[in-house]
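What follows is a group of structures, each given as structure tokens.
Next, two complexes with chain A in common: one pairs it with chain B, the other with chain C.
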Partner chain A sequence: MTATTLIHAEASPRRLLKALASQEALLAIAVIGLAIIVGLYNPRFLAMRNLSDVLLGNAYIAVAAVGMSMVIISGNIDISVGSLIGVLATVSGTLAVEGAPIIVTWLAPLVVGILVMAFQGAIIAYLRIPAIVVTLGMLSILKGGLIGVTGGKWITDLPDSFHLANIELFDAVPMPVFLMIVATIFAAWWMRYSAPGRTIYAVGGNAEAARLCGISPPRATVMVFALHGFFAGVAALLYATQLRVIQSTVPPNLELTIITASVVGGVSILGGVGTVIGSTLAAILIAEIASALVFTDVSPYWIRAVQGVLILITVIADILRRRRMARA
Partner chain B sequence: MSEIPLPQIAKRVAPWWLLRHETMLALILFVALIILGALNNRFLTLDNLLNQGRLTTEVGLIALPMTFIIITGGIDLSVGSIVGLCAILLGYSWKTFGFPLPLAIAFTLVVGATAGFFNGVGITRLRVPPLIMTIATLALYRGLAEGISQARSVRGYPEWFYFIGQSDLFGVPAQLWLLLIAIVVAGIALDRTTFGRTLYAIGNNETAARFSGLPVDRAKLIIYTLSGLMAGLSAVVLVSRVTTTRSDMGIGYELDVIATVVLGGTSIFGGVGTIWGTVVGLAMIQLLKNGLALTGVKGDATIVVIGTVLILSTLVASLLQRRRGV
Partner chain C sequence: MKLGLAIALMSATLLAGTAYAAEKRWDGADDLPVNPLACSAGEASAAPAAKPYDGGQPTNAPDKAGKPISLVDVPKLIGIGYFNATTKGMQDAAKALGNVAAKTDGPTEAKIDEQIKFIDNYITSGVDGILFAANDPVAIAPVLKKALSKGIHVVGYDANSTPNAREWFVNQAEFNGIAKAMIDSMANEAGEDKSFAIVTSTFTTPNQARWIAEMWAYAQKCHPKLKWLETVEAQEDNNLSFNQATTLINKYGDKLSGLFGMTSVATPASAEAVTKAKLCGKVAVVGLATPNAMKPYVNADCVKSVVLWNPVDLGYAATYVMRAVVDGKLKPGATSVEAGKLGKLNVVNGSEILLGAPFIFTKQNIKDFDF
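Coming up: the complex of A and B.
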């Protein structure tokens, strides 16, 4: 009994250190550290109102990053998700204005999202076209199609009941934050403990080995893309219902922000590694940085450059870490 | 177009249907020309065709090094952002730094080459996959363009500068000469030099190329740098044509450029492709755009067609390749 306690006591500082060095912990420290530093510079940054605005306005990016993380972990990439979110938001908004039952307006983006993404996944997996070609093509089809169909007109006069994002659960938890947390925890749990969830890592780590273990990599790819479409649908719903109007255009470079969140969250771009807890924390961090720029009087036009630097640093660190591990 | 040497070397390296692919494409192009000409009498006029050449130069200049890159099995998604960054720096260095315009142009080209070199270093030294490296710099370079410009545009360049983008030389748009020279140089480099053959070798089997003692990393570094340089040149031509600089210039160029190259028969899997094919692909994409515009399709809707063309041409190429049992 004493012996085990002793060993445990010996091991724990190192374990604590290891836990702290994980990507998730580093991100959590960065989120809190940045808040403190910017708060010292400009206390208004820490106002409850600002922090909750940052969280509420960007929860949809975290939700979309959950799906993106799955795609990247499985060894693929998707750059069409920004355009898809624009399309799904418009689909949902149009249905709402046309007077469809609210439940239909909420479910439609999920269904359409799953269909579009599963279709892309099937082309990638069964016709063996690289994901970058398929999703780059789909990006332009969705983006051009949306502007072509709507003429860029904004959707207004949305019914009050449509605004899912304005619902507060138990008068305390705003819906976007609730969905972000639920999506993250559920996806993290599912990917870690369920058999289909594990196949995502297996396929991304080594598709051939996964195949020899009886996993069908194409089927896994379609599954991952379908799930990605589901999360894109949820994200579109949050995006569409947070404002009084829906701009019937694609939010510019949204896919880049989502990919940045996934990669900075510790999802290895070489596939096989990463968690969605990291990507959600990273999405919060990116939103926090954008807000911090405003509160430190730095022009918000620098946000994209900051994202680019963040993504580069994480990618290079990941590659160097892997190289060191391979050498050891 | 007769200056372009037929890809004799590629014939041996590349599969048999390659030449047929381009011939087929040229035939389709020919038929498309006639149909579009019959539908609209403004289409098949020398003025319109030359004007289309003017409009397509910016994409064409970048499509040449992109052909090299895709032949090696790589990709460069950052080209559109490099165009934006270079355009902004051209205006900024001229107006804010007070550089004389020729110096500003040289500076712009250096910036473009440096941006491409940076991609190349990440890809060859750090072994970051090209897709990821250039997605990261897609964000970074566009971010720098937005940050430096602060959404302000620069106008009022001296009159002589507009020569590149707006005037004619011997009856042909000035920038089209630039593109023609670039095409000839790129065609010869790819077909007739060890450098060009190295690119095919890398695309066919990078490990084998490395073990054969080919300078794989140096070749890759060169083509990504070249890609940045040509994006810089494209930015100069673009600014000269539209007379202003904005940070959103070049957005979406990666789609046009990659679609052009892939439509031209260059395999996205590497090892196969010619400059000749890219030139035909370029003509097809531009005529498609022009034809759609003349029949009343709005600009935004044409990217739907280009996206579809990108996916379908990759699909067809991949099916043909598979039938050959590759």
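Coming up: the complex of A and C.
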């Protein structure tokens, strides 16, 4: 069972075939294939405006899924992220209506996100409490605390300059899409080629082996959670600055959507395997499916069923892949 | 051969499904009887036949007439502007009455199972009365009946339960009244023969389903040329509502002349979607919403009418009704009840108290409200 590969898809005669069969390639094919099929049914689906709106409205999920993927690859899980995003959005919005400089309102969620997540990572790593228990506790604290502190008031009357998500770079690229692409590419590169990035896979693949190689698994866990907090902060910023109202409740089921993006993206729930390119593509696919259901007049009830089917397919595929590798 | 049979079977099922759908109400509407109001404001609508009292009664409730009572209010969820406003009304009423202590507690998401747990806990810890706004009219009934059986008074507001699970229900506005205000505003702003779509919470949320059913009935009667395109679900989720409204705009393009927001979350999100698509003035947004969330759009002339009642008055009335029940002043068969500054409120539908006609927020009056 120690056959978990740290670096997959290395030189092999069947390299091309293998690359095409990778989760990322399958997802890319699914994203494009679905667009074509729905486009045949209703050509309006393919309008530039619609495609960019699909990305725009869901980029924050992809950004949060980058951090979530790191956490899951390292052999952990975090179910507090949806609540944290709600809290960070409120922190940012409250500062904005209190008249704080805009740059402060944008940086605050990043800093608070890193602190909260690093704290959780430290408890998980050094007190050796399972991540699901720690983050479940944090979920309740954040959710209840948010209502307690805000008294349930919505934040309205936000200053115009606060709306980071409405900025278009070079009058063409919307900020959420830009940040999604930058976060994904940077994280993917860093995880594949840098030493600290590789430790995420090493710790998640086999913590004991990683320790024997001189890696400190607890330190890696704290690092991963801190990074996850950073991406949650960016996601919260996009979430908060897109609309002119910030609800004081945490977005319902957001953590599940984010985890779904990671898992469907090919990140193994057993740790050690996966890429953030996969999770971003999966986030796009899930958003595309939601839009496609409206365009094809399918009842929205099916979105959850479709997500469930996607999760099951990927998890079964992952288990089968592991069995095959174990045998090889 | 087998394949052909399967295809034939499937198309038969699909056809049957379509035929069935054609008889049904519009998507997102319930199938309860409808009672559309008269088309013009002047015409008096037919008064519905008086219905006998159909509420429940508590067993051996202690006599606390005139004595201090403690109430708990369990809304659908806490943390949204709307239920903050009803809570404010309850506190105002408690202060005005002087012998009522009220507190609000409830789930942070509109989930019926969590709401039941909250109510159950308060039955155990002991209160004199429970005010509620149901997440599900049927699922909430057993726990409310349990409260009645322990001698606790039960009054609903905003979202009803089955009638025999509570004593009275304070109806914020009759469904047909809201429906008329919504459809009249849409026909007026978008045009008599234009097309619109609806963004709602879920197809089975009781209030929204009732409104849509009444809107459908009223439109058939008074604005038959309006074209109904589609209803989409968006839970009570800000970003999902925005995404769904945007998808509708992209799907229908020029064909879309109006959007209805059926919740206080969906309406500002729809207005934002129209604003971002630069379609203010081309796509009318009419909906139920709280004023603060709508001020930017109303002030920018992107939204002309926001339909609602005054939720502060609703919480206020619910508290007065509870006090009147405990004091023995509101008994089965009564036709009205005194509700402090709101004056005399009428009993309708057997065991409901009607708050009044809906309120329309416009550019002129929206600044006077802060919730």
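Simple rule for what comes next: the second predicted complex is superposed on the first by the 314 of 328 C-alpha atoms of A that agree within 3 Å, B and C clash if a C-alpha of one lies under 4 Å from a C-alpha of the other, contacts with A are read in each partner's own complex, and residues count from 1 in each chain.
Following the convention adopted for this analysis, a contact is a pair of C-beta atoms (placed from the backbone, for glycine too) under 8 Å apart; a residue touches a chain by one contact, two chains touch by 3 or more.
A quick note: this is a predicted structure, and the numbers were derived from the prediction, not measured.
S.K.: Following superposition onto chain A, is the placement of chain B relative to chain C best described as a clash or a fit?
M.R.: Taken together on chain A, chain C would clash with chain B, as the superposition shows.
S.K.: Just chain B (first), just chain C (second), both, or neither: which does A:Val133 touch?
M.R.: first
S.K.: Which partner chains sit in contact with A:Ser248 here, chain B, chain C, both or neither? Use first/second/both/neither.
M.R.: second
S.K.: Answer with first, second, both or neither: which of chain B and chain C does A:Thr150 touch in the superposed model?
M.R.: In the superposition, A:Thr150 touches chain C alone.
S.K.: When the two structures are overlaid on chain A, which partner does A:Leu270 contact: first (chain B), second (chain C), both, or neither?
M.R.: first
S.K.: Which of the two partners, first being chain B and second being chain C, lies in contact with A:Thr260: first, second, both, or neither?
M.R.: Only chain B; A:Thr260 stays clear of chain C.
S.K.: Look at A:Gly308 in the shared chain and tell me whether it touches chain B only, chain C only, both, or neither; answer first, second, both or neither.
M.R.: The answer is first: A:Gly308 touches chain B but not chain C.
S.K.: Please work out whether A:Ile167 is in contact with chain B alone, chain C alone, both, or neither, and reply first, second, both or neither.
M.R.: Neither partner.
S.K.: Mind working out whether A:Phe295 is in touch with chain B, chain C, both or neither, as first, second, both or neither?
M.R.: The answer is second: A:Phe295 touches chain C but not chain B.
S.K.: After superposing on chain A, which stretch of chain B overlaps chain C: 168-176, 204-212, 240-248 or 258-266?
M.R.: 240-248
S.K.: Please identify the positions on chain A that touch both chain B and chain C, taking each partner from its own complex.
M.R.: Dual-contact residues (chain A): 143-144, 147, 252, 301.
S.K.: Along chain C, where are the residues that touch chain A in the complex?
M.R.: Residues 77-81, 83-84, 108-109, 203, 230, 232-233, 235-239, 242-244, 246-248, 250-251, 253, 265, 268-269, 272, 276-277, 290, 292-293, 295-296.
S.K.: What does chain B use to touch chain A in their complex?
M.R.: Within the complex, chain B contacts chain A at residues 75, 77, 122, 126-129, 131-133, 135-144, 146-147, 149-151, 247, 251-252, 254-255, 258-259, 262, 268-269, 298, 300-308, 310-311, 314-315, 318-319, 322.
S.K.: Please give the residue numbers of chain A that touch chain C in the complex, ascending.
M.R.: 42, 44-45, 47, 49-50, 53, 57-58, 60, 143-144, 146-147, 150-154, 156-157, 166, 239, 242-245, 247-252, 287, 290-291, 294-295, 297, 300-301
S.K.: So in the complex, which bits of chain A are touching chain B?
M.R.: Touching chain B from chain A are residues 77, 79, 123, 127-130, 132-134, 136-141, 143-145, 147-148, 252-253, 256, 259-260, 263, 269-270, 299, 301-309, 311-312, 315-316, 319-320, 323.
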